[in-house]
Structure formats: C-alpha cells, structure tokens
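In the two assemblies presented below, chain A is common to both, partnered first by chain B and then by chain C.
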Partner chain A sequence: MHRREGLAKLTGRERYVDDLPLDDFLWGMTVRSPVPRGRVTAVRFGADVDWSAFVIVDHRDIPGPNEVILIERDQPVLAAGYVRHVHEPVVLLGHRSREGLRRAVRAVEVVVAPEPPVLDFRVPPRPDQIQYGRDNVLKRLKIEKGDVERALAQAPVVVSGTYETGAQEHVYLETQGMIAWLEDQVLVVKGSMQCPYYVLSALKHALARDESRVRVIQTPTGGGFGGKEEYPSDIALHAALLALKAGRPVKIVYDRGEDMAATTKRHPSWVRHRTGLTRDGRLLAQDLEVVLDGGAYVTLSPVVLSRGIIHAAGPYSCDNVRIAGRVMFTNAVPFGAFRGFGAPQTLFACERHMDVIARTLEIDPVELRRINLLRDGQTTATGQVIRDGTDRVAVLERALELSDYRAKRRAHAAFNETHAAQRRGIGLAAFYHGAGFTGGGEVHLNSRVRVAGLADGRVEVLTANIEMGQGTLTVFTQIAAERLGFAPQDVAIAEADTGRVPNSGPTVASRTTMVVGRLIERACDDLRSRLEVDAAVRGASLRAAIVRWHREHAAERLVGDAVYERPPGISWDDANYRGDAYGAFAWATYVAEVEVDLATYSTRVTGFVAVQEVGKVLNETLARGQVQGGVVQGIGWALMEECKFRDGAMINNQLTNYLIPTSDDVPPIHVAFLENPYPHGAQGAKGLGELPIDGPAPAVLNAVAAATGADPRAVPLTPERLMAIADFGLRSAE
Partner chain B sequence: MTVLLPGSERDALEMLAAADGDAVPIAGATDLLVSWPGRLEDHRKTYVDLSGLAGLRPLRWTGDELVLGGLTSYWDVIRDVRVRQEFPLLVAAARQVGAIQIQVRGTWAGNIVNASPAADGVPVLMAYDAVVELESLRGREEVPLDRFYTGYKEMRRRPDQLVVAIRLPRRPYSVQKFVKVGSRRAQAIAKVGLAITRAAAGWRVVAASMAPTIRRCPTIERLLEEGAPVRGPDDLLPAIARDVSPIDDIRSTAAYRKRVMARVLYYELREACGWRA
Partner chain C sequence: MDQQVPIGVTVNGVRHERAVEPRLLLSDFLRHELGLTGTHVGCEHGVCGACTVLLDGDAVRSCLILAVQADGHELVTVEGLAPPGGGDELHPLQAAFREAHGLQCGFCTPGFLMTLVPFLREHPHPSEPEIREALSGHLCRCTGYQGIVAAVRLAAGSAP
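The block that comes next holds the complex of A and B.
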C-alpha cells in the first residue's frame, strides 16, 4: 500500500505548522540566557525600541506553577531570577513583524551575576559547582547479576576499556514550531510534536487549566527522532503564554540556528568496561560503569539512562554482570530523547569493546560473538529469560553471508599490501533493541485506542500517535484494514487532537506499530463484538453491519475500545532492576566496510549490510526506509556529526558547520529482514524504529580498526580525532 | 534594504560611485544568503544587483587567453567542453562548490570578492595565474590575483570598482591538481584546499583554509623548482610553516591542516617529482 500522505508531501501540498493560515496573529520569540549559570540581576529593555508595540511575558505571567512537568519538576518554563544554562528562556516577546521581533530580542539584555558552572560531566564537581542533590547526580541506577567481583578475580583474562560518544543533533527537516490561540475559553495549541498528551499535561500544569479548557493538536510533523518528544512542551507553553497575554493567536517557529542551539541533543556518554573471559573468549564477568551528561535539567534523562544500562551488556550470555549508571547534572543545554534513547551509546561501547577483546585475545571477532550470543533459555543482564525462538547466530551468519565477510577480509588484506595511501577494512556489530516502554512503563501508560464505526460503514481509528515521516498513518491503516477485511480507503485515521482522541501514549520507544498497532487490532475486535458479529464477518458484510447498526441506533456512537494489557508471563521489579525489561527485543547484526584515506585520515563507508529480526514486517518499503535512515544517521554520528560546545551550548549551530552525511557519503545499504512473529505485537510485529541507530557506529569503527590497526574509542571519529590516535606512515608503492 | 537594478554596466558603475562606498554589488547573492538570518545589519544595506547585465555573463576565448566575465557562473564553466580540456581544475573546483543550485547562481567574480580564505574557486584561478580586471568610472585596472588580497577579507578593490573580467593565460601544463579536503564528500567547506600547476612559467602551489587569505606558497614552489629531495610528508613541513599559518577554528585544527597539507602534497606530487621514501 502507498504511503497515505505521500502525494501531499511529494507535491508540496502538505501543510506544516508554519504553512497554516492564521489571521491577525503575533510572532513570538524568546530572549535567552547568555551565560551558563548565575543569578539574574536585571533584564534591561533597550531604549531604541518602542516596547508598547510588543507583548512581553516573563515568569510572573505564568498562572500555575513555573514548571515544565515531566519526570521531575525542576525545569522552569521561564527562568525566575536564576539561570542554569546558556539559552535558557527568560523573557518572551510577541510582535506583528518577525523582523522587528528579531531586532527587539537583541535589544533585551539579561544581566547575570555569574556563578561557577560545571561543564564536564566526567569530572567530579567541586563543592561550589554542586547544584543538584549532594553530588550533581540526576539519577543513579544499577543492575546486578551473579557475583562480578569473584568472577573477575577468578577470570583467566580481564580486558578493560573506556569508550565515549558525543552529542548528536536530530536535524529533523522541519524545525520546532507551535501556534496557540483562545477559542472561546479553550486554549488551542497546534504544532509539530510526537506526544500530544505530554504537551497537554505540561499546559494543564503550568497554566492551571483543566482538560476541558486545553486542546492540543499535532500538525504534520517533518521528522522528530525524539527531538519532538519533550521539547514541544516548552515551546507550546511559550506560545500559549504569549497568546493568553496578547489575546491573539501567536506563532513561534524556530529558525535552524535557534533550533540547533537551544533544543535537546543526544546525551554524551562515557562507558568503562571490565570484562572477565576464558582464554578462548567465553564471557565470565561484565563490569560496567555508564555515565551520561544530562545537562541542566532532569527532562527524560533517568529513562534514557535506564534504557542505556539495560542494553549495555549487549546481546550476550554472561552469568556475572554489574552495570552502574549515573546521569550527571551539568550547566549545558539539557540533553534529551533521541532515537535509541541511551542504547546507541552503551551498545557502541559494548560492540567496540568486543573487538578490543578479540584483538587482545587474538581471536576472531565473529567467533567471539558467536560463542557468547544469547541462546534461547539464557538470561540478559536483568535476568530476563530469552525464549522467543529467534536464532541469533543465524542473524549473524546471514549478515556475514550477505556482506561476503570472509572473502572481503582476504581481499582487503591484499589491497592493503599494495596500496600506499588507502586502507580497507570490514567490521561488524551484533546488537538488540527492546521495544516499547521499559519494565512497567507500558502498564503505567495505560494506553487506550478507539476504532469508531461510521454511519457510512467506514471506520475511524482514534489514537494520539502521530505521523512524522516514519509511516504511522499508513501502517495503522494497514492494521485496521487487515483486521476488518476493509480496503485502505475505508479506514480513516483521526487527527491527533486531544479533544477527540484517547491517550494511546507517546510516539516514541519503537512502540507505535507493536504496542499501539496491537491495540488497534483489539479495538477492531471490540467493535465487532459491539455489533455482535464474529471474526468471520469481514469486508462488505462488516461494513453493512455497521451501516445497519447506525440505522437502528440513530444519533448514537459505535466505538470499539481497547486498553493496554501486559502480555502474560512478564514481570519487572523496578526497585532492583530485575526481570523482563521489554516484552520483545529485535535482534540485529550490521556489517560495515570502510576505506580510510591515510593522507587525509578521512573514512568513507563503502559498503553496508543490515540484517535484523523484527518480528513480522508489516510494510517492507517503510521498514526498509526506517533501517536505511537509521543507518545513515548512525554513520553520521560515527564519523562526522560533532556538536562543538562553548559554555555548554552548541556553537556550530548551522548546517554548514554541523555536517550530516550527503547521499555521496553513504554506500548502498543492503537491508534484510528475518521474521519471527511476536504474538503480542500487531500482526506479529516488534519495534523497529530505533534499532537501526544502534549498530552503525560500532560496526564502522570496528572496520576502521580492522583497516588501519588503529584503536578508536570515541565517536565521532573525525579525521582530526583519527590523526590524534594514529600516525600513519605513508608507504610508497614500489 | 535597498536593491538597485542597473540597466547597463555603466549604470552599475555610476550607482557604485554615487553610493560613496556604501553599496554592495551582488550577482548570485549566494554568499549573502548564508549570513542573512544572523546578520541583521545586512538587511539595511544598499545592493546593486548585477544579475540583469547579460553582457557580463559569457566566457570568451582569445588566442592566448580564457576570459571569464564578471557574471560567469560555476555552471557556465562546468558545461563548457573547452574549459574542461584546457583548464580542468576550473571544472573540478566548480563541482566542489556547494550544491548544483549554488553552482548555477554563484559566480567566479563573486568568489574572488567575497574573499573567503576557504574559497573553492580562487585557488584554481590563482594556480592558473589569473588576472582580475576591475572597472570604475575612473577607468580600468588589472591586478594579478596572487597580489589581489592584502589581508583577511581585505583586497585591492575599491568600493566603486566592479570585477568585470578574469583573464587566464592559455599555456600547456604538465601538472594540474586540485584537492579539497572537507568533512564530507560534497557540500562542505574546505578544511584544506590545494591547487597545483606546473607550466613553463614554473610551479604554482596555492593553499586554501591555511591562512587569512587564499595564497601561493613560495617556499614550496621553490622547493619544487629546485627538485629538492623529499623522503616523506614530514620533509615538507618546514616549508609549509614558512608559507602558511593555519588556525584552530570551528571546522578543524591547525595541527590537522598542516599535517594533511604535507601528506596531500607528498601523495599528489610523489610521482610527478620522482620522490622516493
């Protein structure tokens, strides 16, 4: 089936938030902190602006608590006398002309008495830098299995290593944007977002309005990658505050520079591995320390850390595991949700470390993985017994076969002998990604979906899950159509409008198809039971039954309903981090081939194979696109995407200086799926969205290590960084 | 902002003279657009839009010169078969400028007067001994490109002068190389750029992103003329240190730039110069 909104997007007719017609409105902009930490002593409005033509909002205009409510309540909507990061919002301005507003924002001076900031999350803070709890630790989590100390003491070999990853910018094509206005007494906020109910909850809290007086509507969203998970709550609050004070609609749309400088990024990480093994490479103990940079507010960091440590030990069997994780407060712009959510960081460390182990023990990196990969009946670090029937070694084998791994290794060795200034290499990463919210998260979300039977016999699927380019509208249509025997055009997908759709949870965590899709199937079944027909009634006869029902029940609504139920046999102990972390994991092996130019230290990825087992693939075109996009994003993170910070804020906040791969920087990406249907996902699907960002960075760096003999431990592996760790003599080709 | 639309070259020169140094000539406006959202002061300037002056557009061949017009674009050069044969570095550099949309709008003259130390077009022009032809109401002036820049974004062009032509002598070349090292394979700003030619007139080695201006490297050129023995990239470092002064900036580091310049030079010239390790 074709992408539902594809034609509108292809022809430029799709209307994003900035394209929506809006009458008699004001533009909104944000005055931000110039320094990373300090007390605001004054806000000065310059003399050469006529301020009577502006709507001005500060923290005193907030009707409710000055808090962006999320996991904690530590982040103010607008700074109230104290700032904790550069670009922290202090004052909002509204004005008719965007140009006039740009000048006005520069005419406001936020005067701050600076205090010592903490800018390096790896260094223990000094007493005068403590700003959160007793030690600046935003969250601490620990996983323990077996007896790590004893196993390490007895292990014949112990291999240690530390690994680091940098921040990453989402680079969604559409920047953050929101419009707000009052419709009678109802505040309507519309914009680009992944989680309408998160925005609703933030608005209700800080504006002290109940649900009947706030409505949040998602507009077609031009990419999110997690960047529109929590941040839209901030900008929605800003637009709403201006609109309430102005009594007129207000639109805030960030330009690229503001978006890159002021919004969230992927958490930087530092991971230490200490691994005990037998001499032939069997894992005996894994001791890990995981540290993330959280930035100046808690935002989603505790759950990013949670997912990070749960994935940190890799898809391997090991009886003794200890993973100690913490997220540190720093005076940086808060880090936030980004596709993979902590797992790419820890899986980079794990899979790069596997190659470091292989080199140390002088064994084949493939063999090392093959002997340690989880077999059915074995347990993960949290003690989750894996018995999904997937042959993880077969996933590995398929990737080796498709990449022609063995032959390539021989060919590269020959090539490297005869070429003076190029080195070729191949590397792999085996990994996994848990789909849906962690542990008891899905139970806590209590997601609800409705499928309404319409008077003309069609159905309407009502969820709060959104399309952001990944294909939600299309896959939801397919799921409902397949369940009911309908043609796609007889399935409507409701706009994600909190005034109409139930809270089916956020569009994050690779949960949309697997979890919400399954709820759609159950709501379809519930619709049938309300019609008192059985599963054999499909297609035309079902449509007729719906039409008949409406004739018999004039002015009533026919709605099938489903609420999340935890799959049987799943249990999670959140206090001790033990048990079934996820209902299902997707499994993968990625193989990267690279060519390194010894003259310029630059790495080009020349081949890529991505093999994954994701349950049932519902739409191969979309699934392939997810994998290819994730691989490209992962290659960017591995080699070139580097956020340069000063005082905790990104200073290369332009697409000329923060580079993402062009089509010429990525090779053809060979995508293959192995299918092992998951009984509790829609049509057997498991989550797929995040998985593909986990594998490319370690696979690419392992390939660089194989090509050059260098030992890179950090991403992005820019040419400058490779030069710093490897001095390649230029051999002459004689 | 004020945009003046001259009907002729003469008009344009009068507008520039009348503005007394406050008018900025624009052609493709591609460099202006890059800084437009951030530099509000640019929004209040006066611009003389040259894009309608069709006479400045074509490139011409004479018996001993290729003459690029003041409005000749990168794309005009890319699609010219003769340029590809006689001045292949012009085509190679033009293809490295931004995206195709930029190549179509951007002009060689604009690349010269924008005076970026990381320019892609200027190094190859300089390696071909280009001469810049400047015109004003006070007359015509010729400045060799390798003497055009006097400092960072400073050049021998008065505000009332227009670049109306760029003249390149036609010569047989035995070596022609252009290397741009960026952080990705397309649409990147040069971290190290090198244009190298060798003709009867001698070697030309021009470096980009290695100094406050694009510049020739006289010490390296002399080293090549003299046929000094070079046993590896490190042997080139002392000459590089005399010729250029790269910095740490948002795109790269001084250390990387120096070392990579040495390695690229060594690798590119090893065969032509018969260097043996």
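The block that comes next holds the complex of A and C.
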C-alpha cells in the first residue's frame, strides 16, 4: 500500500505548522541568556524600539508553577533571576512583523553577573561549580550480576579501553514550531511534536489549567528523531504564554540557527570497559563505567542513562557484569531524546571494544562475537533470560554472507598491498535494541486506544501517536484493516488531538507499531464484540453489522477500547535494576566497508549491509526505509556530525558548518530482515525505529581500524581526529 | 518604512502583480503573499534545498533570491507540478516518488522534485552516480536517499 499521506506531501498540499492559515496573529520570539551561568541582574530594553507595539512576557506572567514538568521539576519555563545555560529562555516577545521582532530581540540585553560554569562533564567539578546535589550528578544507576572483582582477578586476560561520543543534532528538516490561541476559554496549541500528551501535561501544570481548558493538536511533523519528544513542551508553553497575554493567536517557528543552538541534542558520552576473558576470547567479566553529559536540567537524562546502561554490555553472555552509570550536570543546553536514547553511545563503546579485544588477543573479531553471542536460555546484564527463539548467530552469519565478508577481507588485503594512498577495510557490529519503555514504563504509561465504528460502516482509529515520516498512519491503517478484514480506505486515522483521542502514550522508544499497534488490534476485537457478531465476521459483513448497529442505536457512539496489559511472565525490579528490561529485543549485525584516503585522512563508506531480526515485518518498504534512514544518520554521527561548543554555546549551528550526509556521501544500504514473530506485538512485530542507529558507528570505525591499523576510540571520526591519532606517512612526501 | 516595489510574476501559469518590500525573499513571497506553502524553508541558507522552485525552467533556491529578482519571470512551484484540475493525476516524478517510497516526513520532498524536473530533462537516462550527484545539493534526514534514488530511476524508466 502507498504511504497514506503521500499524495498530500507530493503535491505540496500537506500543511506543516508554519503553513497553516492564521488570521490576525503575532509572531513570537525568545530572548535568551548570553552566558552559561549567573545571576540575572537586569533586563534592558533598548531605547530605539517602540516597545508599546510588543507583547512582552517574562517569568512573572506564568500563572502556575514556573516549571516544565517532566521527570523532575527543576527546569523553569522562563529563567527567574538565574540562568544555567547559554540560550536559556528569559523573555518572550510578540509582534506582527517577524522582521521587526528579530530587530527587537537583538535590542534586549540580559545582564548577567557570571559565575563559574561546568563545561566538561568528564572533569570532576570544583566546589564553586557544584550546582546539583552534592556532586553535580543528575542521576546514578547501577547494574550488578555475579562477582566482577573476583572474575577479573582470576581472568587470564584483561583488556581495558575508554570510548567517547560527541553530541549529535537531530536535523529534522522542519524546525520546531508551535501556534497557540484561545478558543472559548480553551487554550488550543497546535504544532510539530511527537507526544501531544506530554505537551498537554506541561501546559496544564505551568498554566494552572485543567484538562477541559487545554487542547493539544499535532500538525504533520517534518521529522522528529526524538528532538520533538520533550522540547515541544517548552515552545508550546512560550507560544501559549504570549497568546494568553496578547489575546491573539501567536506563532513561534524557530529558524535553523536558533533550533540548532537552543534545542536538545544527543548526550555526549564517555565509557570505560574493563573486560576479563579466556585466552580464546570467552567473556568472563565486564566492568563498565558509563558517564553522560546531561546539560543544565534533568529533562529525560535518567531514562537515557537507563537505556544506555542496559544495552552497554552488548548482546553477549557473561556471568559477571557491573555497569555503573551516571549523568553529570553541566552548564550546557540540556541534552535530550535522540533516536536510540543512550544505546548508540554505549553500543559504540561495546562494539568498538570487541574489536580492540580481538586485536589484543589476536583472534578473529567474528569468532569473538560468535562464541559470546547470547544463546536462548542465557541472561543479559540485568538477568533477563532470553528465550525468544531467535538464532542470533544466524543473524551474524547472514550479514557476513550478504556482505561477502571473508572475500572482501582478502580483496582488501590485496588492494592495500598495491595502493600507496588508499586503504580499504571492512568492519562489523553485533547489537540489539529493546523495544518499548524500559522496565515498568509501559505499565506506568497505561496506554489506551479507541476504535470507533462510524455510521457508514467505516472505522476510525483514535490514538495519540503521530506521523513524522516513519509511517504510523500507513501501518495503523494496515493493522486495523487486517484485523477487521477491511479495505484500507475504510479505515480512518484520527488527528492526534487531545480533545478527541485517548492517551496511547508518546511516539518514541520504538513502541508505536509493537505496543500501540497491538492495542489497535485489541480495540478492533472489542468493537466487534460490542456488535454481538461472531468473532469470524469480517469485511463486508462486519461493515454491514456496524451500519445496522447505528440504525438501531441512533445518536449513540459505537466504540471499541483497549488498555495496555503487561505480557505474562515479565517482571522488573526497579530498585535493583534486575529483571526483564524489555518485553522484546530486536537483534542485528551490521557490516560496513570503508576506503580511507591516506593523504586527506577522509573516510568514505563504500558498502553497507544491515541484517536484523525485528519480529514480523508489517510493511517491508517502510521498514527498509526506516533502516536506511537510520543507518545514514548513524554514518553521519560516525564520521562528520560534530557539534562544536565554545563557552557553552554551539558555534556551528547552521547547516553550512554542521554537516550531515548527502546522497553523494553514502552508498546504497543493503537491508535484510529475519523474522521471528513476537506474540505480544501487533501481528508479531517488534520495535524497529531506533535499532538502525546503534550499529553504524562501531561498524564504520571497526572498518577504519581494519583498513589502516589505527585505533580510533571516538566519534565523530573526522579527518582531523584520524590525523591526530594516526600517521600514514604521506604528509612528508608533499 | 521601506519603499514598495511593484513586480509581476507568473506562478504555475497564473499571473500575479504585487507591490513588495525590496528585501522580501522569493520563498516568503510565495508562501506568505501567494499562499503557496508547498515550498518549504529548511535552513534559510541555500543548503538544504527544500525551497527549490523553477525560475524560467531552471531549479533555483527561493530562499536565496529576492522577490523583486523574479519580476517578469515565470515560476513553477510544487503545486504546479501535477496537471491542472486538482485531480489525483500526478507528474511522472511525483508518481515515481509515491511508488518507490521516495519520501517519509515529506518536508524535503518538494525541493527534490523541483530539482529533478530540469535534471531529467537534461539527463533522460542518468546513471546512479549522476543521480546521487544531482541530489547532493539537497538534504533528507529520513530516507537515507535510497528511496529517492530509486524513484528517479523509476521516473527515468531506467532499470533499478
């Protein structure tokens, strides 16, 4: 089936937030902190602007608590006398002309008495830099299994290494945007977002409005990748505050420079591995320390750390594991949700470290993985027994076969012998990704879905999950149509409007198809049961039954409902980080081929194979597109995407100097799926969306290591960074 | 404050006469004055290519051109690509993008389409490297470009 909203997108008829017609409205813009830390001593409004023509909002205009409510309540909607990061919002301005507003923003001076900031999360803070708790640690988590110290002491070989990853910018092509207005005392906020109910909860809290007086509607979203998970709450609050004060609709749409400088990014990481092994490479002990840069507020960092440490030991069996994780406060723009959510960072370290081990022990990196990969009946770091029936070695084998791994290694060796200025290499990464919220998260979300039978016999699926390119509208249509025996055009998907749809949870964590899709199936079943027809009734006769019901029940509503139920046999101990972290894992092996130019130190990915087992694939075309897109985003993170910071501010906050891959930078991505249906996912599906960004960085760097003999430990591996760690001897020949 | 400048442009076959500020960008003119919001603005710098339109048949970035520079010229935006009439009939490129899943979030899509119209006119049978080079002035963050490359091949009638 074609992408459901594809026609509108191809003809220019789709209306993103900035495209919506809006009458008599004001543009909104944000005045931000110029420094990373300090007390605001004054806000000066320049003399050459007629301020009476502007709506001005500061923290005193907030009706409720000045808090962006999330896990903690530490982040203010607008700074109240103290700033903790560069670009922290201080004052909001509203005006008819966008150009006039730009000039006005520049005419406001936020005067700050600076205090010493923390700008490097890896360095222990000095006493005068402590700003959170006693030690600037935003969150500490620990996983322990077996006796790591004893196993390390007894291990014949111990291999250690540290690995680092940098911040990554989402670069959704549509920047953040939100409009807000008052409609019969109801505040309506509409915009680009992944989680309408997160935005609703933030608005209710800070604006002190109950649910009947706030409504949040998602507009077609031009990419999200996690960047529109938590941040839209901030911008929604800002647009709402301006609209409430102005008494008119207000639109805030960030330009690219503001979006890149002021919104969230992937958490930078530092990971240390200390691994005990037998001489032939069997894992005996894994001792890990994981440190993330959280930035200036807690936001989602505790759960990013959680997913990060749970994935940190890799898809391997090891009896003794200790993973100590912490997120550090720094005076940086808060780091946030980004596809993968902590797992890409720790899996980069894990899979790069596996190759470092292989080189140290002089064993084949494939064999090292093959002997340690989890077999059914073995346990992960949290003690979760894996018994899903997936043959993880077969996933690895398939990737080797499709990439022609062995033959390529021989061909590269021959090539490298005969070429002075280039080196070719191939590398792999074996990894996994847990689908849905971690631990008891899905139970806590308590997601609800509704399917309504319409008078004309069609059905309408009502969820809060959104389309941002990944194909929610299409896959939800398929799931309901398949369950009811309907044609796709007889399934309508409701707009994600909190005034109409139940809270089916956020569109994050690779949960939409697996978890929410399964709820759609159950709501379809519930709808059928209300018609009192046989469970085998499908298609045209079911449609006829819906029409008949409406004739017999004039003015009543026909709905089927479903509420999340935890799959049987799952248990999680949050206090000790033990148990079943996820209902299901997707398993993968990715193989990258590279060519390194020894004169310029630039790396080009020349081939890529992505093999994964993601349960039943519901729509292979969409699934392949997700993998290809995720792999390319991962290649960008591996080789070129670098956020450069100075005094706490991102200084390359434009697409001219923050580079993402173009069509000419990447090869075709060869995608293959192995299918092992998951009984508790829609039609057997497991999560897919995040998995593809976990594998590319370690696979690519392992390939560079194989090609050049260099030992890269950090991404992005820019030419400058490769040059700093390797001397290919060509520079003296110039 | 600023002096308004009269301009006349033909957009998607329709003649428009307007008085505009000299500094008004063509992208803002199309979006805000004419309501043609299918032309998207992704970076305001000429990097991402989302705002690409045709000016006298050539692909140009409407965020790098002033509306006054389009005076007397003929423009085509994504809204003018499909045959007129508002039905579901598509330009062959749009049909190929739909068939080959050359889009996800769709924000970059109009720009890609507008660049490809003159590209396929000049390269009716492009090779994969030619296609990848032609697309490399556009950014897409969702697809990894593979569906887009496949769509171009489909539109060009070349073997996949």
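Here, the second predicted complex is superposed on the first by the 729 of 734 C-alpha atoms of A that agree within 3 Å, B and C clash if a C-alpha of one lies under 4 Å from a C-alpha of the other, contacts with A are read in each partner's own complex, and residues count from 1 in each chain.
Everything that follows uses one rule, which is that a contact is a pair of C-beta atoms (placed from the backbone, for glycine too) under 8 Å apart; a residue touches a chain by one contact, two chains touch by 3 or more.
Computed from a predicted model, the values in this text were never measured in an experiment.
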item	value
First (chain B), second (chain C), both or neither touched by A:V596	neither
Partner chain(s) touched by A:G469 [first = chain B, second = chain C, both, neither]	second
Chain B versus chain C as contact partner of A:V17, first or second or both or neither	neither
Touching partner for A:T662 - first (chain B), second (chain C), both, neither	both
First, second, both or neither for A:Q633, with chain B first and chain C second	second
Partner chain in contact with A:L618 - chain B first, chain C second, else both or neither	neither
Touching partner for A:G223 - first (chain B), second (chain C), both, neither	second
Which superposed partner A:V366 touches (first chain B, second chain C, both, neither)	neither
Residue contacts on chain A - larger count, chain B or chain C	C
Touched partner set for A:L396, first chain B, second chain C, both or neither	neither
Shared chain A surface residues [contacts with chain B and with chain C]	255, 656, 662, 664-665
Interfacial residue positions of chain A with respect to chain C in the complex	2-3, 5-16, 18-19, 21, 170-175, 220-223, 225, 255-256, 468-471, 621-622, 625, 628-633, 654-656, 660, 662-666, 668-669
Touching residues on chain A, where the partner in the complex is chain B	99, 102-103, 106, 255, 257, 420-421, 598-602, 604, 640, 644, 651-652, 656-657, 659, 661-662, 664-665, 718-720, 723, 729-732
Contact set on chain C toward chain A in their complex	31, 35-45, 47-48, 50, 77-79, 81-82, 88, 90, 94, 97-99, 101, 103-110, 113, 131-133, 135-149
Complex interface listing, chain B residues touching chain A	34, 37-38, 40, 43, 181, 183-189, 192, 232-233, 250-253, 255-256, 259-260, 263-264, 266-267, 270, 275-277
